[in-house]
Amino acid sequence: MIFGSDNMVGASDRVLDALVEANATAAPSYGADPWTIEAEGLLAETFEHDLAAFFVATGTAANSLALSAITQPWSAVLCHRHAHIMVDESSAPEFFTGGARLIPVMDADGKITPEALGRTLDRLPADAPHNVRPSAVSLSQASECGLVYSPDEIAALTDIAKSHGAAVHMDGARFANAVARLGCSPAELTWKAGVDVLCLGASKNGALAAEAVVFFDRKHAVDFSSRRKRAGHLVAKGRLLGAQFVAWLRNGHWLDLARSANLAADQLSAGLARHSGVRVVWPTEANEVFAILPRALGEKLRAAGGVFYEWNPDSLPENESLGKEEVFLRFVTSFLTSPREVSDFLEAAGAISGPEALPGSDIWH
Amino acid sequence: MIFGSDNMVGASDRVLDALVEANATAAPSYGADPWTIEAEGLLAETFEHDLAAFFVATGTAANSLALSAITQPWSAVLCHRHAHIMVDESSAPEFFTGGARLIPVMDADGKITPEALGRTLDRLPADAPHNVRPSAVSLSQASECGLVYSPDEIAALTDIAKSHGAAVHMDGARFANAVARLGCSPAELTWKAGVDVLCLGASKNGALAAEAVVFFDRKHAVDFSSRRKRAGHLVAKGRLLGAQFVAWLRNGHWLDLARSANLAADQLSAGLARHSGVRVVWPTEANEVFAILPRALGEKLRAAGGVFYEWNPDSLPENESLGKEEVFLRFVTSFLTSPREVSDFLEAAGAISGPEALPGSDIWH
Amino acid sequence: MIFGSDNMVGASDRVLDALVEANATAAPSYGADPWTIEAEGLLAETFEHDLAAFFVATGTAANSLALSAITQPWSAVLCHRHAHIMVDESSAPEFFTGGARLIPVMDADGKITPEALGRTLDRLPADAPHNVRPSAVSLSQASECGLVYSPDEIAALTDIAKSHGAAVHMDGARFANAVARLGCSPAELTWKAGVDVLCLGASKNGALAAEAVVFFDRKHAVDFSSRRKRAGHLVAKGRLLGAQFVAWLRNGHWLDLARSANLAADQLSAGLARHSGVRVVWPTEANEVFAILPRALGEKLRAAGGVFYEWNPDSLPENESLGKEEVFLRFVTSFLTSPREVSDFLEAAGAISGPEALPGSDIWH
Amino acid sequence: MIFGSDNMVGASDRVLDALVEANATAAPSYGADPWTIEAEGLLAETFEHDLAAFFVATGTAANSLALSAITQPWSAVLCHRHAHIMVDESSAPEFFTGGARLIPVMDADGKITPEALGRTLDRLPADAPHNVRPSAVSLSQASECGLVYSPDEIAALTDIAKSHGAAVHMDGARFANAVARLGCSPAELTWKAGVDVLCLGASKNGALAAEAVVFFDRKHAVDFSSRRKRAGHLVAKGRLLGAQFVAWLRNGHWLDLARSANLAADQLSAGLARHSGVRVVWPTEANEVFAILPRALGEKLRAAGGVFYEWNPDSLPENESLGKEEVFLRFVTSFLTSPREVSDFLEAAGAISGPEALPGSDIWH
């Protein structure tokens, strides 16, 4: 009953098999291997666009390197105040950008709205060179609160960013979950909607450690090879990353994995919502469920073997607050979470009495 | 009628004379000159404490270098959301600290309150090494809104900072104005109240370009000489800075200058407040007056030759807002602002009919 | 016939099996997994010393992070002029250290001698804060030229470093090869001889991507967790690195692998040396053979399928120079290089007529 | 008898007077003052070219900021191994460039020769992104050894630099002395000969603290305003720098000052050369005399009140070496050094018996 994070399980069988297979032969190092080259091609196919892709082992590296390519050291990156790059990646953005500033978009709840972004941009002082000016806006897809941005929502945000001279970065640690949910194409959610660079995460969704920085305009990628190398993120045996990505992208495996995780989240969310005293805080749109529970219920679930984290009440929406005997929790499902695991968990909560049938769940078998 | 900034006038006569005198002889370079050495001694006397002092030519350099001495690159500096280091010094803090983060203290109006600081500190996530943790708190004396912190207020803030493991920096660009207003000793406003490092600004108050970084605990100063040098802030002919500081500190000249500027601000504030339709936004405690004026009045003053800036309405207190036909302005007086200049200005506003007598104003003559 | 680099082959079977096995279960992320914890324990056992160990995926990350822990931004790191950190890691050392300087030890041929190190240190100007002063000395074991430093040689160098206030870093990308060759203990080659921090490389010797930064004095490791995180080198699924290291260290597997590579290098070196017109440039002490060949022979070997690199003639010893029709080549063997591969290669060179029997070569089977 | 450095005296009378005069009125801050604007115009006139100029207070700031504008963090700056930026500016170049590397041009004695530069460039490995590639070459005019580069020499060096894709920076801390000596125009020594950015130093030659970064191609200056601000080098009361430069440039004052210093150096050099046992090491072409003296003579001169520095014997030309009882000294003359001061000094050395008449020396009176 692991709902702590989607990085607590290993790789999918297909990804692991690809790694084992790629291990067998000699190959050029530093990304000149056939798997890395194939992975780049698969990305271009997947996104239906010419692109420059670079693989690294961690999401923090991907995000920070990507931001450094579109931000000057005396500029700012706007992002949600609970964005991963703001909260969970130490001061990596500052380190990689040479000291650019992160500025939170104010008054943004579950997602950044065009109004909130516009208001924040308009209020930033603009007296150069004294004031830090924004050169990039970062969006998380799925969002910090497990919500997805539709193509139109993204386009509205990138329009505003661009009218202020800012490029757009997308933190796609859970991009696969968003695509699987929305049912639109990867292209529609990125370059067609004005995204300049996507950090496409596989680590949380079926890989062991593999992230791609995808530039849809090669002009942003000019120095990226140098940036990656000097940050120590050019892996010698590039096959490690390339092979994972090949298996992950091939035949839509990445979306199958994400769909599976999303379904488990749906099941969990619906089950929790039925429980009296539980308030699911945002619609469950990706593979995360945020919910306010009676403290006693939280403890009971933990005692029953549930693994999950207490979440920052600061991120609650304005119209929601935490009661004295309540606890705010985050539950994350992964591609490996089975209907049985969810129903056992819900049973432990006394919410339901057995597993629920869910379509498409055969991926667990 | 110059109320644009206290950096729009030159140096005081005494400071200039000292510079001319120091020019006449040969002397060792890089701060080994007799003026620099005397200035350090005068600082120790002024603050009644052993200290390590370093002179630089700009406030941005002083603040950023000071912060770099008490902050790690993966840490944060907490400050008012309108602090000079946050708004007006580009990303210098990030540059000098190697990428530390500035985090605004929320819900702070004219000054940072202990409650606001405590709440902000308590709400910062603390999961190392993922979250950025605060290593320093920065206070501005006088504050961003022209208010002064009393020794007790400072002590309350430094207590909270230290209980969270953070050192305390004071941006004293207008420290002289605060001392002159409060009538307490420099010591009471700094080390006695828990301040670790003070950036003492002379540039805005009688010098041409001279700031001192003053460490009350030498342990923080261990690397400072290296930091200053590699930032290009070690001036070869150190007399430039040393001589200014000697003249500025000697015989309380610095406080005479500040007192004079404060009085001019008082006069201006009182005069404006009498004008119908004008709301002086904060008590005038240093040499800055913030006021909401009818837009027409503002234009009239400008047409009459007044120099002043429109100010960021974002910094207005919560209970105040700007009407449609209103404008938010900042007026700054300097040691050179004469009662006549103020009264001429007020006259232009139609507020009063002549100069007001003010005690101690003989400094202008 | 792959002699291009030891990073052109995959992982050893044991290392790969460990990875597959570690993939199967859920585990805490960010290095709190059982494999990472076991790997730390195995390192302490292997080095017979309390230590703090941190795992990363690349050698550049390991070296640069390690250097950043023992160097201030206004200090210098001394190293061989052909050290990997000087030549092959972009400006990563500068990036991670916040701008420290690399200074080459002059007059060092295959290894740094105590005389060369002392002379370089003595000649560095020492007028603080103007001159950059050394805070660290970096040694490569095995060296840039494939030579090994004995415990006594290391001790002599670390003595000099420490008498100048410099800590000692060891780039151990091929540390295993050195240990296997010298037959002394890992402890004797590191902390017993004055090494402060070792970057222990597994990637070139049986792992897919795994390096350990090993501090023998925990005081140097105080901030390392923060440094690694903000550089994006904290892998979410820590098992990736931990499991590789467990398999690599357990039962001396790492030394078996290194021994095998060394033997192949010996065989190759001896075979080449027998060829008329070939000069093996340094004694073959690890798994690298540097040799001057007639250009025609080099081309013949390449045409026969040999993979190897032309090497920088600048690194030739003083008493050696390249003739017009000659080429300077580097051949690297790996744990996978079989006696048959070497003999086929030598045969292609027309040097020998069949495989030579070598003791201990059963590792290939 | 001050020959320690040209930064041990104050400003020239004219420069000081200009400062006093500029002090008297109110003016816009941050470089929008009339003096700064006039200074920019005078520079354009002086160099007969459209240019972008920025003033700062120190040579280290000027050089490092200039280099940061033409170098990427993963690139290198080539310079003389005894260049001021290499030896005397801490790791400021690394700090400002975000971690670029300084690489010494090997085999360069008093000046960098085209051969030495070409050889160094040719020998740098070029395997991107592993190797650091040169993006800038830095020349010092006058050179580290007090020699001047002719327009042809500069052109030959900039040709080589540019054919390798490197821009050219000139450290002109003593540019005035070079112009005064060579008798050619500032234009001929800079943009006409391929220099991209000049750091024009006034501090060592008549100013208190004033350096100009002069870009001959505005494309390099695009971000400079931001760079200067975030480094804390934008002086609030810009008149400090502007007024100095106006007085310094107007009516060729800067060249008069430099000529005077050069003449004093000539007198000193000729006098010392006549002394038995003294070897003047380089031709005296600017305002520095480098000489090997019997140690006893050196001590006698110091006892007589002479101020001068022992110099790094490492910088001696290849064909020169220091005897056991000898000492290597540097003597620097300034615009204030009078013929009397030099002759007194020489007299103390027992070399001559009175002042020598020198043409053009009326500047002292």
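By letter and in written order, the chains are A, B, C and D; residue numbering begins at 1 in each of them.
As a convention for this text, a residue touches a chain if its C-beta (ideal position, glycine included) is under 8 Å from a C-beta of that chain, and two chains touch if they have at least 3 such contacts.
Since this is a predicted model, take the numbers as computed values, not measurements.
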TODO: Have a look at C-D versus B-C and report the one with more C-beta pairs in contact.
DONE: C-D
- [ ] Tell me, please, which chain's centre (mean of its C-alpha atoms) is farthest from the centre of chain A?
- [x] D
Open item on the list: Need the CA-centroid distance for the pair chain C / chain D, whole Å please.
Closed with: 43
Open item on the list: Averaging over Cα atoms per chain, report the distance between chain A and chain C in Å.
Closed with: 36
Task: Whole-Å gap separating chain B and chain C, where each centre is the average of the chain's CA atoms - done: 53
Open item on the list: Multi-chain contacts only, two chains or more: what residues does chain A have there?
Closed with: 73-74, 89-91, 95, 98-99, 129-130, 226, 229-230, 234
Task: Touching residues on chain B, where the partner in the complex is chain C - done: 30, 72-74, 98-99, 128-130, 223, 225-230, 234
Task: chain C to chain A touching residues, read off their complex - done: 2, 4-5, 7-11, 16, 19-20, 22-29, 56-62, 64-65, 89-92, 95-96, 203-204, 208-209, 226, 229-237, 239-240, 307
Open item on the list: Per the contact definition, I'd like the list of chain B residues that touch chain A in the complex.
Closed with: 73-76, 87-91, 94-95, 98-102, 123, 125, 129-132, 312, 314
